[in-house]
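Chain naming follows the written order as A, B and C, and within any one chain the residues start at number 1.
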Amino acid sequence: MKGFVKVVVATVVLVMIAAACSSNSSGGGTGTTAAPGAQGGTFSYVNCEPSSLIPHNNYEACGGQVFEAIFTRLVTFDFTTGDPVPAQAESITPSEDGLTYTIVIKDGWTFHNGEPVTATSYVDAWNYAAYGPNGYILNFFFDRIEGYDAMNTDKPTTTELSGLAVVNDTTFTVTLTAPFSQFEITLGYDAFDPLPAAFYDDPDAYNEKPIGDGPYMMDGAWKHDETINLTRYPDYAGTPGNADNIELPIYTGDAAWADFQAGNVDITLVGSSHIEEARTSYPDTLNAQAGSTYLYLGLPTYDPRFASKELRQALSMAIDRQAVISAILVAEQPANDVMPPSIAGYRGACQYCTLDVAGAQQKLADAGGWTGELTLNIYADDQILEQAMEAVANMWNENLGIDVKLNATSYNQYSAAIQGHKMTGPWWDGWGMDYPSPQDYLTPLYGSNGGYNVSGYDSPEFDALMTQGDEAPTLDESIPIYQQGADMILEDMPVIPWGYIGFNTVTQPTVTNVLKEGPLDNVALELVQVVQPAA
Amino acid sequence: MSNRPTSDTEGAADPLDTVEGQTVTLWSDVRRKLKRDRRFWIAAVLIAIFVGMAIAPQLFFTDSLDPSQCELSDSAKGPSHAHWFGTDILGCDYYTRVVYGARTSIEVGFVVGTLIVTIALSLGSASGYFGGKTDMIISRFADVWFSVPTTLGAILLLSLFGGGGTLAVALVLVFFGWPDMTRLVRSTVIGGKHRGYVRAAKTMGSPSRTIMRRHVLPNGIAPVLVFAAYTIGGAVGGEAGLTFLGVGLRLPSISWGLQISIAQTRFTSDPYLLFFPSLFLSFLIGGFVLLGESLRDALDVKLIEDA
Amino acid sequence: MSRRYLIRRLLLVVPVLLGTILLVFGMVFLAPGDPIARLAGNKPLSPSTIAVMTQRYHLDQPFVIQFWEYLKALSHGDFGATFTGRDVSEIIKERFPVTLKLAIGAFGIELVLGLALSIVSAVKRRTWIDSSILVGTLFMITIPTLVVGFVLQYVFGIKLGWLPVAGVQAGWQSYVLPSLTIGLGLAASIGRLGRSDILDNMTGEHIRAANARGLPRRRVIGHHVLKNSLVPIVTILGLDLAYLMGGAVITETIFNLPGLGQSLIVGVRTSNGPLVVGLVMLFAIIFVFTTLIVDLLCARIDPRISYE
C-alpha cells in the first residue's frame, strides 16, 4: 500500500488509509443480500485520487475501492468468517504436491465492453504484469509462479510465464516454484485481475476508462482530482449491485469531512481528528471497526543495545496504548496480537501488550537496565502522530526512567534508515496486508528473507515454521502452524505491537447496508442501498 | 509632505538635504512623530510583552501551572479555572504552552530580520552604489530567488531535507526572502547616489566606503527599518504557515504554528485549541504591522515604487 | 516607454528563468532518499520494476545529463511525467483553470473591496468609519488564512449551508468562500496601504491647488489623488496577482479545490519530484512574466521609471 506508514494516522490524507492493498468484489453473492425492492438510486462515497486505474499497476487504497466495484476477481472472502470463496472462479483445485493449481472460471461472463471473460483474459494479464520491462508496480506478486525469473532479467527472452497454461476457454493451470498453502487467498488481490483484449491496444487509454468484469462499470472517463462515476453493468452475470449509480468524488484532505457534515456526500471514513465529532453528531451510523493495517514500534534488534528480549518486553509493557489512543489516536484500536482481528489465526494472544509498570521495571532490571538517551524516531509532517509519540516518550520516561528524545526526519530519509537497518532506536511503523492471511503478517516482517524484515529478526526456527505453514496441505491446517510462529514473535518482540487502524464509516440517512468487506478495508459498494423517499 | 527623503529614483530636491544637518533633523523629527502616534505605542507594548514571554516565560504564570505536568486523561479539556486556556491533547496546560510558543516566533522573527537586513544592506548597497557589472550580477541573482515564491520554495526545501528546528526554518525563510529587501536597498541607494551631498563628497575625493557609510546608508536606512518590521511580521506568520503545512517545526519545539496545526484537526469539536494560539499569533504580527506603519509615516517612507 | 527598455526587460527574463530552473532542479536532485522506493510504501518493489523506473526517469544519470534532458523537454513545453506516469503538462492544463478562477475571484475582491476601503477611510478620515475600517483591516491582515478559511467554511458552508464547502462541482459558487478566504486579507492590506497613500496625495501641493481652484471634491479625488496613488497600488496588486497564480496552497487544501497549489502539496507529501519541479517551475515562469507585465504597466503610468 503506497506510502502507508506515512499516512497511517495522517489526518490530512485520511482517505488513503482506507484499505490495505486488497480489495475485491463480492459479486459471488456472499454477505448480506439486498432486500427486494431496495434497488436503484445514486449514492456517493468519499474517495481519493488513484495513482492508476490499471489494477496491476496500482498499490494503494484509492484505486482499490474503484476496483472493488468494477472487477470481480477469482476469489472473494466471506464477510463473517473471512474464508476465501470462489467468485469469478468456479473452482480452484491444488494438485497433490501443492505445486499446480487448476482454475476453472464461470462460463458466460463478459467484460463491460461485451468481450467474454476467458482463461486467456487472466493468463495474458498476468504475463503482462509479470514482464519486467513493463515496469508494473505489482510485478513482484508473480514471483511464486514458475518462469518469473526468466521474465525479469536485464534482457528477458520470454514474455510469458512458463507456469501458466491455458487448458480451454474456462480452464487454466498455474504452476508454482514451491508449495504455498495461501495461494488461493492471494487470488483475492487486484494483481490477479483479468484484462480484456482492448487493454493491450492502448493501456494509457484503458487507464482513463478501465473495463472490468465487475457489477459496476465506468460512467464516463476518470475525471482526475474531481470524481469517478460508476453505473451498474446491465449484463453482469453475478448478483447485480443495488444502486443504479455510484459517485466516488475525490478529496485530498479534511474537506471530505466538511463536505459530509454539509450533507454533500453520503458515506465517508472518519479518522482520528473527527471521530469524537462523529460519535456525538452521527451516533447511529458510525460504524467503528478494526481495519487490516497493523501498527507497531519497530526495534533495531541489530543494535546490541536492543539485543535483549527482556528490554523489548519492558518497553512494550511500559506503554498505556489505550490511554494514548483514547486521547490522541482516537480512530485506532490497541493491538493484542501481531495481526488484526479480521484475520483467520488472530487470537489476541499478546501477554506483554498491556500496561504493567511493575512488570516492565522488573524486565528492565532483568535486561540489565538502560543507559543513556533513547531515540524515538518518527517521520516529519504528521503532527498528531508526533503528539502520540510524545506521550509514549513520556510513558517510558515516567515508568522506566529512560530519557527519551523524539527524532523526526523526512519520509525518504526515514524509510531509507528503516530499510537499511540504520535506526538507532524505536520507530513508528506499520504493515498493511496484501491478502488476508496470517502468513502475510509474519513472513515478510520477520522471516530472515522477509521483504520488510526491518527489525533484523533472524531465527531459523521461525523460518522453518513458516515453510512448514506454506507447505501445509490445506488452509485450515496451515493456521495453527503460523500461530506457533506468531507466538515466537510475541515472546521475542522484535517489534512492539501498537494497534490497528480503524476502518470507521459514517453515513447519511440516505443510505443503508454500508458494510466493510469482511477482512478487506473496502466498503462493499454493490451492497449499499439507497433509501427511496416514501412515495 | 510632497518632498520626502525617500527612495525616489529621480532624487527629488529635499529641504533636509544638507550634508551635516541631515541625519540629526531627520531623527529628531521622527522621534517627535512616533511619540504622537498611538499605533506606535500599541505596537511597542505588544512587542514588549511577547519579547518578555520569549525571554522569561515563567514570569507570565504562577508555579501552580507546570507546562511539563501533562495527564493524558485530561486531554483536550476546555478552559477552566485551573487551566485558563484549557488543556491540549496531551493533557498539558494550554496557557503555559501558548506562552512558551512566543519564544519560537520571536526567535524566527529575530533571525530572519537580522539576516535579511544584513544581506540586503551589503548586497543591495554594493549593487546600487557600484552599478555596472556588480549590479548586473547581484540583481540577476536576486531575480532568480525572487521568482520562486517564498512559501513554495520553503515548502520544497524543507520537505526535501526533512525540515528541522527553528534555525532551519528561519534560514529557509531568509534563503527565499532576501531579494525583496535587497532590491529595495538597491533602489534607495541609486536614488541617494544622485543627491547633492553624495556628489559633493565624491568630488572632494572621499573613498567610496566612507561615502557609503556616512551618507548613502543612513539615508537608505529609513525604508529598511520600515520594511524590516513587515519582514519580521511576515517571518512569524511564515513559520506558522509552514508548520501548519507540515514542513516547518515539530516537537519538541513549542510553536503557535504547531499548535494551530494540531488544533485545526479538531476545529469543530475543540475550537479553543485553535483560538488561543491564533490570537497570540495575530497580536504579535499585528504588533509588527503597526510598528511598520507608524515607522513608515514617521520616516515618511514610500516602499512601493521601487520594491 | 522606450522600446529599448522593453527589449532589455525581455532579454533579462532568459537568464533569470534558467537560473530558477537550475535552482529548483538542483534542490530536488540533491534531496536525500530514493523516490522510486516510495512508490509502493514499505512494500518491496521487484528489482526489474525499479530498474525500469530508474531508467524511465533518468535517475541513474549524473546531474548535468538529467538537467539537460529536462531543459530539452521543457523547451517544447514538456514538463515531464510524474512517478505515477501522468504528464505534468496535462496536470497543469487540468488544474490551471481552477487556480486561475480562484486567483481572479480573490483578486477581484482585493481590487474592489481594497480600493473601496481605502477611498472611504481616506475621505472619512478621523471619523468612526475610518477607525472601524482601520481596526477591521488590521484584524483581517493578522488573522491566519487557515483560520479565516475554517471559520468561513464552518459558518457559511456547514452551519448555514449557503455555499459549497468543498470541490468545484457547483461551478462559480464553489469559488466564493475560497476567494473570500484569500481576498479579504489582501483587500485589508490594500485598504490600509491605499488610505495612507491617498492621504499623502491629498495633502500634496497640486491637490491643495485644485481644491483652492474650487474643483468639486469628487473630481479632485477621482482625478488627481487616485491617479497619483495608482503606481504603488498597481505594483502591489501585480505582485499579489503573481503570488495568487502560484496557487493558494492552504486555501486550496481547506476547500479541496483541484488547483495547482493542492497538487504541489500532494507532490511534496508523496515525494513526487517531477511534479514538484514542474509546478514550482511553472510558478516561477508565471511570476516572472506577471511582474514583467506589471513593470511595463507602471512604466506606462509613470514614464520616469523606465529611465532607471
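Definition applied: contacts are C-beta pairs under 8 Å (C-beta built on N, C-alpha and C of every residue); 3 or more make two chains touch, one makes a residue touch a chain.
On a predicted model such as this, the values are computed, not experimentally measured, just so you know.
With A-C and A-B as the two chain pairs, more C-beta contacts join A-C. The chain with its CA mean position farthest from that of chain A is B. Averaging C-alpha coordinates per chain places the centre of chain B 21 Å away from that of chain C. In this assembly, the C-alpha centroid of chain A lies 40 Å from the C-alpha centroid of chain C. Inter-chain spacing, taken between the CA centroids of chain A and chain B, is 48 Å. Residue positions of chain B with contacts to 2 or more other chains are 159-162, 246-247, 264, 268.
Residues of chain A in contact with at least two other chains: 12, 254, 261, 381, 410, 413. Residue numbers of chain C whose C-beta contacts span two or more other chains: 31-32, 154, 158, 253, 265, 269, 271. The touching residues of chain C, counted against chain B in their complex, run 12, 15-17, 19-20, 23-24, 27-28, 30-32, 138-139, 141-147, 150, 154, 158, 192-193, 196, 200, 203-205, 231-233, 235-236, 242-243, 246-247, 249-250, 253, 264-265, 268-269, 271, 276, 280, 283-284, 287-288, 291, 304-305, 307-308.
Against chain A, in their complex, chain B makes its touches with residues 70, 72-73, 75-76, 89-91, 159-163, 246-247, 250-252, 258, 261-262, 264-266, 268-269. By the touch rule above, chain B contacts chain C in their complex via residues 1-2, 9-10, 140-141, 143-145, 147-149, 151-153, 155-157, 159-162, 187, 190, 237, 240-241, 244-247, 260, 264, 267-268, 274, 278, 281-283, 285-286, 289-290, 293, 296-297, 302, 304-305, 307.
Across the complex, chain A is touched by residues 31-35, 37-49, 51-53, 56, 84-86, 91, 94-95, 153-154, 157-158, 161, 164-169, 253-256, 258, 262-263, 265-266, 269-271 of chain C. Listed in rising order, the residues of chain A touching chain B in the complex are 11-12, 254, 261, 272-274, 276-277, 280, 320, 323-324, 326-328, 380-384, 386-387, 389-391, 394, 406, 408-410, 413.
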